[in-house]
Amino acid sequence: MNNLRSSSERELGFGKVANSERIMNSDGTTNIIRKGISNFNPINVYHDLVTISWVRFLMIIFITYLIVNTLFALIYLWIGVNQLSGVVPGSGLHNFWEAFFFSSQSITTVGYGRVAPVSKLANAVAAFESLMGLMAFALATGLLYGRFSRPTAAILYSENCVVAPYMENSGLMFRIANARKNQLIEVEASVILSIKSMINGKEQRSFHNLELELKRINFLALSWTIVHPIAEGSPILGLTKRDLEEGKAEILILIKAIDDTYATQIYSRSSYGFDQILWGVTFNSVIRINAEGKTEIDLDKLNDHTAV
Amino acid sequence: MNNLRSSSERELGFGKVANSERIMNSDGTTNIIRKGISNFNPINVYHDLVTISWVRFLMIIFITYLIVNTLFALIYLWIGVNQLSGVVPGSGLHNFWEAFFFSSQSITTVGYGRVAPVSKLANAVAAFESLMGLMAFALATGLLYGRFSRPTAAILYSENCVVAPYMENSGLMFRIANARKNQLIEVEASVILSIKSMINGKEQRSFHNLELELKRINFLALSWTIVHPIAEGSPILGLTKRDLEEGKAEILILIKAIDDTYATQIYSRSSYGFDQILWGVTFNSVIRINAEGKTEIDLDKLNDHTAV
Amino acid sequence: MNNLRSSSERELGFGKVANSERIMNSDGTTNIIRKGISNFNPINVYHDLVTISWVRFLMIIFITYLIVNTLFALIYLWIGVNQLSGVVPGSGLHNFWEAFFFSSQSITTVGYGRVAPVSKLANAVAAFESLMGLMAFALATGLLYGRFSRPTAAILYSENCVVAPYMENSGLMFRIANARKNQLIEVEASVILSIKSMINGKEQRSFHNLELELKRINFLALSWTIVHPIAEGSPILGLTKRDLEEGKAEILILIKAIDDTYATQIYSRSSYGFDQILWGVTFNSVIRINAEGKTEIDLDKLNDHTAV
Amino acid sequence: MNNLRSSSERELGFGKVANSERIMNSDGTTNIIRKGISNFNPINVYHDLVTISWVRFLMIIFITYLIVNTLFALIYLWIGVNQLSGVVPGSGLHNFWEAFFFSSQSITTVGYGRVAPVSKLANAVAAFESLMGLMAFALATGLLYGRFSRPTAAILYSENCVVAPYMENSGLMFRIANARKNQLIEVEASVILSIKSMINGKEQRSFHNLELELKRINFLALSWTIVHPIAEGSPILGLTKRDLEEGKAEILILIKAIDDTYATQIYSRSSYGFDQILWGVTFNSVIRINAEGKTEIDLDKLNDHTAV
């Protein structure tokens, strides 16, 4: 292994530890457990709320709304519902629901007023609850904006990476496309091979940059087939399917682009395990000219391939 | 075709497919149909709502407001308007309107309270509606901010591109100006010629960078006439108006600048079809010193030209 | 004039027009009238509202609030205040004020309910007004955030630019400091001399880069004295105070830095007219070690200078 | 001292003043007092509110809420609580609390309506208060969003900097890790030594860049041990622990990275005083492969070290 390689290895920031799992998952997350990070740090909570799925996000908001209203309902019950005008005290459950809905009317600031606080204590709790509601809602506004404006590249990767004939030799290829309606411009790719080997009798991971036929395109208007020519200088040259399997090879991909809507730099990562590499196969075209002469790209066919 | 050209061709990201339409429209959008993109993905909906016109945006908000209130009105009718205090039940239509306006008072959180929910069920629906209203409004806040803060360059392009005398030879020229009150700084242009030709008996598009007399200016305080000298090395040298027409030539323009208000990078694209290129014509000046000695630029005259 | 100079001239983007006013004002705005820009374009209105002073901004909000409430009050009057519950119709003025305050309660969504809409028409207007209120408020939220988060460098410039002894020769110097509590890092300066001269019997402005002793500093923790050495190669070498006056010389300054709070690039511009250049004067130090051994910088003394 | 060194000194922007305190604190703030900066400038107030701790931020909001409601309560008392419907005038304190809670209901726009303004004057004050409430809340929304979306790198630094054996010689090392759940990519470090010495009989600070073994890593997935080899060319070569103490040496650290969530550039600064440098000590590993074969990093052990 030459110096160039060992330097690219260290620069990646993953170290040489030979763990048994993939370093990076297909969705770009890493397989590292970080201990000592508090989940209850406000910034980490915010980060989670911005990145979780929409279904979970809306569920969390709805459940929080129910819990907070229940807590305030209990406080109003404890103060006594007779301190709220408009409530005819009845059974415990009846009183609870009156308090619960009064709480919901205070926290959303809808405040119909059929039920309203009369005593000083009930007024103070309601005044605090309305303030809390406004702050919670300010937070939700920020979260929703954060979720939408976050510059996430929805780059689609072909499910497989193929080794296909290329020029006089062969090439390692995969295909990407933009899953969003925005334009991606100034798109750059870098591809790294991670492979285990025995160094001084100890199993270690090493990392190798894979040179690309083209590192950068102006627009990702259509799809882009990223090609690493398996030629002189390629660390894959001479390796067989079996070698990659034994070395638990992994292809790490970093994509950098500019999102046209907000003109922000975006980053996308992915990886292919050795078992996702198909040998002797080429991708089919995803682009066609339709009946009206328009160029059409079919994203559902991004992984379509034929044996050669 | 030399290597330089074929490389710039591939780097553009449009491929060589010889479709019959223009690649890029004057407003910078591309003529490509992307199948397999879901319009109902939240991010794509948000992207649409940020980029559609103001009239359509406000219409969508207003119509959504009517629809949502109608749906909730139907729910309250189904529960029974007698479960809302302050409503004197009457004809079906009368009840519908009472329920409709109660719904609007809940969703906007104005909650006058003349009509207010009494039963558990009505209260629960209203509590949910107020929460939904707050979330919808949080979303609208983000959308409005997104629409305004989006770094869109409102770059005005002259309607035509001209071939005018330049130095000893001639030059391909067009003119840009800033349609906004903000300052554009560090403005850069790149211009690409796309033309069809027969390669190995097959019609293909090729792409050629057009060298500019000046690629970058510090300020776009006035207008900027971007000039490609048709001299030694220019792919247009020797081509006639008819050649461009037969090759369905297209001039693609990419402008990059920094918007001074938010200090963000902005991008603008445009293109001229062969039919927008005027031969033997020069632009008139848009700048004059007025009576008080002030420099004045008239954006309405950006395309004014005279035959030479 | 050599080629280097004429190129820097064109790259600035101001053209050669010899107007009688300064090109750039001390606050970085330019003296150019742009005709054909609509002030009523939403983006330009937003831009104005983000950049005007706080006093004007709050005045505009308050006056708009009064006007909109007056308009809605007139609508409710026209419908008839008897369609609002809780209003005892009285004199025209009395009715107007009841309608006005009902409008304010609807648009802010406070909705006390003492006065509430009863008829379909009054309800419809109120429902529309609440929606409008929410949208206006969403807009205000965005505007306030825009005003605060806008990456504006509050760079203080010394009022004067001085020509003081420097090395064996002399230097043109001015001083900057950060007026904000944020940190400015990676601060870069470029300085351009604009001067009028007769070229082919026609008065024209030319532009010349002034080389700096130091173009970039890591932190703007203290103040920074930016120095152009008037040595071999300087376009000012040999010019007298009178030459600059006759050429209506202007020193244009562009500062680029990174604001640490939001990690955004910021830009600041300024200029000195020939009448702001002091000859044979040096700046006094603004930094001292105080009694407790702490470093202190006094921004009020940024322009303090002594004759040499 | 050679020219290279004196140039890096000037470029840092701290000047040569030999104050007795550390230039930079561990949290990256500088020990400089800036006079002439108004704390009451809106931008500085906003900057403070975005950067103070969460506890102080919420306290300020809560106390402001109490103060503003008290002020408005006094205004309503002065007008007369009999001008508010629903209030049964009583003792002074009773009236105050009724006015106070009416104010809180107006400013949060909850507006139950049990108490509502009747007279023109009370209505006008309430209309103004609701508007003010909305604006205050708009501001709070922006502040909360600003606090969360601010691209702050929560980079953990090892408490100490060590001088440990490295290659044939020794090296100055410290360790960093990411305290957040986001990914930090393209992480760059620069390290500067600041030391006092007698120059021409006057005590002055000088600044020296410390060359790093590796300046940049792609991911900060695990921890990163930043190493300055104390070899040929290092300004520390030959210096003893005592020399650093006498020169009140300080190690200044600047980290630059990209936060993956918002794809924004972030900056982190820190410093080690001479008393934080441990000699003859090496860091223990923080990474281990756990029972399930997963890579684990323990941030609590970032400063763990052993004597050599």
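Here the chain labels run A, B, C and D in written order, and each chain numbers its own residues starting at 1.
One rule holds for everything that comes next: a residue touches a chain if its C-beta (ideal position, glycine included) is under 8 Å from a C-beta of that chain, and two chains touch if they have at least 3 such contacts.
Note that the coordinates shown come from a computational prediction; the quantities given were computed from them, not determined experimentally.
Rotation angle for the C-alpha superposition of chain A on chain D: 90 degrees, rounded in steps of 5.
Most remote chain with respect to chain A, judged by CA-atom centres, is C. Annotation: the chain B:chain C pair of sequence copies touches via predominantly different residues, less than half of the used numbers being shared. With centres defined as mean CA coordinates, chain C is found 27 Å away from chain B.
Here the CA centre of chain A is 38 Å from the CA centre of chain C. Annotation for chain D: residues touching 2 or more other chains are 105, 109-113, 141, 145. In the complex of the two chains, the chain D residues touching chain C come out as 10-15, 17, 19-21, 30-37, 42-44, 46-48, 50-51, 85, 105-106, 109-113, 116-118, 120, 123-124, 126-127, 130-131, 133-135, 138-139, 141-142, 145-146, 150-151, 254, 264-267. Residue ranges of chain B in contact with chain D, taken from their complex: 109, 111-113, 141.
For chain B in complex with chain C, the touching residues are 54, 61-62, 65, 69, 97, 101, 104-105, 108-114, 137, 140-141, 144-145, 148-149, 152, 154, 178-183, 185, 187, 214, 216-222, 224, 258, 260-263, 287, 289-290, 293-301.
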